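Pasting the structures here.
Next, two complexes with subunit A in common: one pairs it with subunit B, the other with subunit C.
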Partner chain A sequence: MTTEPMIRSESDRDPEFAAWFTSLVEEEKLRECIHCGVCSGNCPLASHMDLGPRKLMALSRQGFAEDVLGSNTIWLCTSCYACTTACPQQIPVTEVMYALKRRAIETGKAPSRHPVPVMAKGFTKMVHKRGRLTEAYLIAGLALKSGITRYIGMVGVGINALRTGRVSLKLDSIEKRDELSRLLDAVDDHSKEVSVR
Partner chain B sequence: MTAYDYYPGCSLKGTGKPYEESLLAVFEALDVGLDELDDWNCCGATAYMAVDEKKAVALASRNLALAEQSGKDLVAPCNACWLVLNKTSRYLDEDQDLNDLICSAIAGTCPSISGNGKGASFEFSGNVSVRHPLDVLYNDVGVEALENAVTNPLSGLRVAPYYGCQIVRPMSPFDDQHDPMTMDHLLAAAGCDVASDYPFKTRCCGASQMMTMPDVGIDLVSLLLEDAVSRDIDVIAVACPLCQFNLEGYQPRVSKRIKAETKIPILYFTQLLGLALGLDKKALGIKRSFVPVEPVLARRASDD
Partner chain C sequence: MTEANLSAGNGNGSPRIGVYVCHCGTNISATIDVVAARDVAENLPGVVLSREYKYMCSDPGQEIIKDDIRELGLDRIVVASCSPCLHEETFRNAIADGGLNPYFFQMVNIREHASWVHKDIKAATAKANDLIRAAVRRVRFHRPLEARRVPIDPRVLVVGGGIAGIHSALTLADAGKKVYLVEREPSIGGHMAMFDKTFPTLDCAACILTPKMTQVRAHPNIEVMTMSEVVEIDGFVGNYRAKIKHKPRYILEDACVGCLECIDVCVFRNGKTPDEFNLGLSKRKPIYIPFPQAVPQVVLIDPEGCIEFRTGRCKKTCVEVCAERNAIDFTQEETFSEVEIGSVIISTGFKAFDARRLPQYGYGRLDPVYTALEVERLVNASGPTEGEIVLRDGSKPKKVGIIHCIGSRDKNTNVHCSRVCCMYSLKLAHLVKEKTDAEIYEFFIDMRTGGKGFEEFMLRVKEEGVTMIRGKVAEVYPEAGNTGRVVLQAEDTFLGMVRKIPVDMVILATGIEPQADAEDVRRTFNISCSTGGFFTERHPKLAPVSTFTDGVFLAGACQAPKDIPDTVAQAGAAAAEALALIDAGHIELEPNTAFVVEEECSGCKTCVGLCPFSAIGYDEGKASINEVLCKGCGTCVAACPSGSIRQNLFEDEEIFEEIVGVMANV
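Let's turn to the complex of A and B:
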């Protein structure tokens, strides 16, 4: 059996990341985390995570960007808010997870074929262009881009959905597609940062 | 007649079709108007927020802006849509800079909302509330009115109410966050034998992970279904299209996993209310269930 040292050194820290992280929530509320672990204890996905939410918060605050943005934790979060409502310090943990997902995607740290960021990007692209999501196309695109073999077990579900008339194969769109695309681009140009709540 | 604007969201036009069918049928039977919001767009769900926050807010805001035109409350049946629209509404209310940014962007790019020409401007009045059908049926229509309209009480049908995450967390304006009861009361009014002790009524169904990481999703729904099997539940009632699809779609795999046959129909609470109101099964989308519903209903009839 081989073991790897779990000790992280000062040189692995990215102070800019730590400062960015602390500024996410107003009044430096993230410094108020007492590491009680209630977030991890309440997280229904914690058993699948390499770092639970508590460790993720601790490493983020110290600036260990590589550990945080390379963890599977941020991609496993389903936004069920069990952590947020349980936190005794009222830290919006789920919103922080969203911010970490965005940071990973923006800085290219998201694994290129990981199904969660692939799905998020496919979703965003379809909605930006058409204004609505057509489920069947989202899933087809996801399977093609993240590895089709993982989806063999879902064929039966697809057949059932077709059989019961619950799949639309017509790509849905809103009428004012141009207005919506321009609206989304208009807010993009602006320099204002939205703070996490 | 009371009337609301109706925001279906993308799922109710696809996998969640029986939710839309039964919702419209039940509201019509109770004489409550639902007018589909003209040219609504996707709410962004959980995916858009993971990519771009400002665009996600703008996307959801367009729906709120459209709803402002009639000024009626907006009914959003999907839990994710309901939360995104409510959160966005709160952001716009609490953050004036963000509100200004979105309003000027709408004025500059959406003539169909703000009018044409150089003087185009837009402001949110903040008068539109985003409501879930559970909220409207429980608080506006009322349990008593529902009870009076029931012609076919579903007595003997053991139903576990499952609320999912996002209508109780992080906001819970119309129900108890830890032990929500609105659906329990509505189903009781429909005559159901409500399993209010079902312990997982607000635990995550796996949401979009069922698509992206199916093994993880199966793990989460197995827990929910295994408990329902052990309690002899006939039907699990849901209020969200993603919960419905996750709980229903993978039962053959769950059966293998928990080593117990799992064949529990997962019905929208509106489908059950519709049955109790004596509405046509086809109009309620009952036949769109993957797990056959008739055997469960027949068993109940033979127990009577």
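Let's turn to the complex of A and C:
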């Protein structure tokens, strides 16, 4: 049995992270959380999350960046928006989840072999580079980078999909790929400047 | 007109004007150069003396004015300080003490109009100088006036017959004042009559309320008007006139003795209409009494359900049984009446939040879900189950969940905390536990027990074994397998885990909202509402039961959510404010009334129809203004084609001089 330290000292807090977090939503709305727990209570995946949305946001507000960006909660969020629609303080929880995911990936805190960030990275990389998705290669990359063993059982599905033409091995792309790249880079730069809403 | 020929004097002789510039601590002096302003004023024509002082409104400040009047023979005073709303009366009184007519005075607002709204010292000082110059020019034309004294009608209108209205009415009536108590429901009593016990002392609501209701009925000074609504009010403080609509009861109130025999013999053997008082948990007949202790003890007929109204072919067994008293009258129609009163107390109460607006809690869709008010009726011995707590399927609950903050503390519905739900939820937990020994879960966000004996009550309920879970239920859904139970899913935020708890009964602690027609009431009585829709008091700390309309007071939950002790305290306060007004006997009104210069009036009657207060009469070919009714709006002054109507404090020369003064440097 391993023992996790249950105590946090002030030096564990990252004030810059806390400031970044509260600035995600206008009017400091993220500080208005009354901890009713409706977000976690409504979340269909809360049963598998280490923190759940309420605790995740409480830790974020206090600047415990390591706990937040290292949690599985942000990766299990399926963006169903159940939390957002029910929140009595109208906090856009799902949007905040996205911001935290991006931050984890950008700062290298995302678990390297977790399928969700691996998939997200592969997806955006392929769109950036080619302007189109070719699922066969996306899935192959995902399998290679997140541990191939867990996909062995799904080989049959893959072969069937290929055989019926649901996926193709032909690498697809658009014309003028450099223009799309420039466009997407500009969007990325812009989205770093604006809040989630 | 130049400054030179003005200094030569005017119709009021050569005035000797004193100007006083106030620092208001640093409120004014930080932004306005008060010394420079004093120096500028000193050189204005007619000004004998100009001073600046730290606080003109203080006793020493007022003494300076009084001494100067006596020693220097000043006969006009200008004070440049704050808003006249604050201290005009202070300075008028000081001037009167000094021996001058109090209307030989003009106040200049250099705080709200200059120092508080500007940053540039030079510009703000220049503006202050302009305003002071305008006042100095104007005040020379002031004439001696006398305040109007208007008698106060000692009768009071109380709107809303819940516990707030009942308490106000009784307090006033006991003090010997005539009270009209208007209630739109068939009985007085309000929400309190529906409650079972009251927190935290658990005394029975009916036991403490019904004696007061009976007192109201029996009191010679109180006239109760049920099924009635105030539709119109006009007049002013001390002299209001209210128009009241009376809905038909189809029963002659004076003839009915409340024997209830008509209900027994009604051709409907059983009730078919959902009973309003029991929130639809039982059925009533078309002829009914709202609840056993109703005041007045008079039945009423609901024309929607009555066969005679629907078909005209009923056997009318009710009329037969009432033959001796003959109290039933199917021909009644809506009527109107008018009352004259001097003040009004508004105690229109609240509306319980409609839980259907939050579908995730299943109210109206899932049988085990009840609102707190429904459970009050279930627990009550005179309720639909005679105090037995049985569910819609006839079973007794073994596990009960109570969810706090339904329609409160939620930006999707109401942001405010309804203040009473924590305590009434604890009370219901206690009562349900006592009657059924069920296992009880209270889902709260924050337990708000700030009140005398409230925290102690919560501890008592905890000791009784009620489980407290900190977290709001996210969803209520039927348990799998057709058990009839529902599952409450919530994060237990203390444990940091989501829990799913199946229960037999859910109680939704619905919050307090303004009445649906609060906006109409606001308009009728010319008062204001806060953003949440509750009526606004004149000052949140220092005038909590007054409104911005003189003579109109507030009591109870129409002003903000509050419990019974606070409501009664406020009702007493509102009655005391009304009494203070009444016992003063009269009020003084500004003498800013219009008057007709008879020699010039051509009798064209243009003004008569224009006056919004019907204050202008027509007498022997001339218009004449009733100065008690005149509110000084100035409409007639502007409209008179021959310029023969003038208005005190707003004479043409006063206004023109003020304009010249302000524009002097333009």
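The definition used in the following text is that the second predicted complex is superposed on the first by the 184 of 197 C-alpha atoms of A that agree within 3 Å, B and C clash if a C-alpha of one lies under 4 Å from a C-alpha of the other, contacts with A are read in each partner's own complex, and residues count from 1 in each chain.
As a convention for this text, a residue touches a chain if its C-beta (ideal position, glycine included) is under 8 Å from a C-beta of that chain, and two chains touch if they have at least 3 such contacts.
Just so you know, these numbers come straight off a predicted model, no measurement behind them.
The superposed arrangement places subunit B and subunit C next to each other on subunit A without a clash.
Number of subunit A residues touched is higher for B, counting subunit B against subunit C. With both structures placed on the common chain, the touch criterion links A:Pro88 to subunit C but leaves subunit B unconnected. In the superposed model, A:Arg182 makes contact with subunit B only, not with subunit C.
Of the two partner chains, subunit C is the only one touched by A:His35; subunit B is not. Of the two partner chains placed by the overlay, only subunit C lies in contact with A:Gly52; subunit B stays clear of it. With chain A as the common frame, subunit A serves as the apex of an angle whose CA-centre rays point to subunit B and subunit C; its value is 80 degrees, to a multiple of 10. Taking every C-alpha of subunit B against every C-alpha of subunit C after the fit on chain A, the minimum distance is 9 Å.
Residue ranges of subunit C in contact with subunit A, taken from their complex: 360, 405, 409-412, 445-446, 470-475, 489-493, 496, 498. Note for the complex: subunit B touches subunit A at residues 10-11, 13-18, 39-42, 44-55, 57-59, 62, 90-91, 94-95, 97-98, 101-102, 105-106, 108-113, 165-166, 169-170, 177, 203-204, 206-209, 211-214, 216, 219-220, 249-250, 252-253, 287-290. Across the complex, subunit B is touched by residues 44-45, 48, 75-76, 78-82, 84-85, 92, 94, 98-99, 101-102, 105, 115-121, 123-124, 127-128, 131-136, 138-139, 142, 146, 150-151, 153-154, 156-157, 160-161, 164-168, 172, 174-176, 179-180, 182-184, 186-188, 190, 192, 194, 197 of subunit A. In the complex of the two chains, the subunit A residues touching subunit C come out as 34-43, 46-47, 51-52, 54-55, 86, 88-90.
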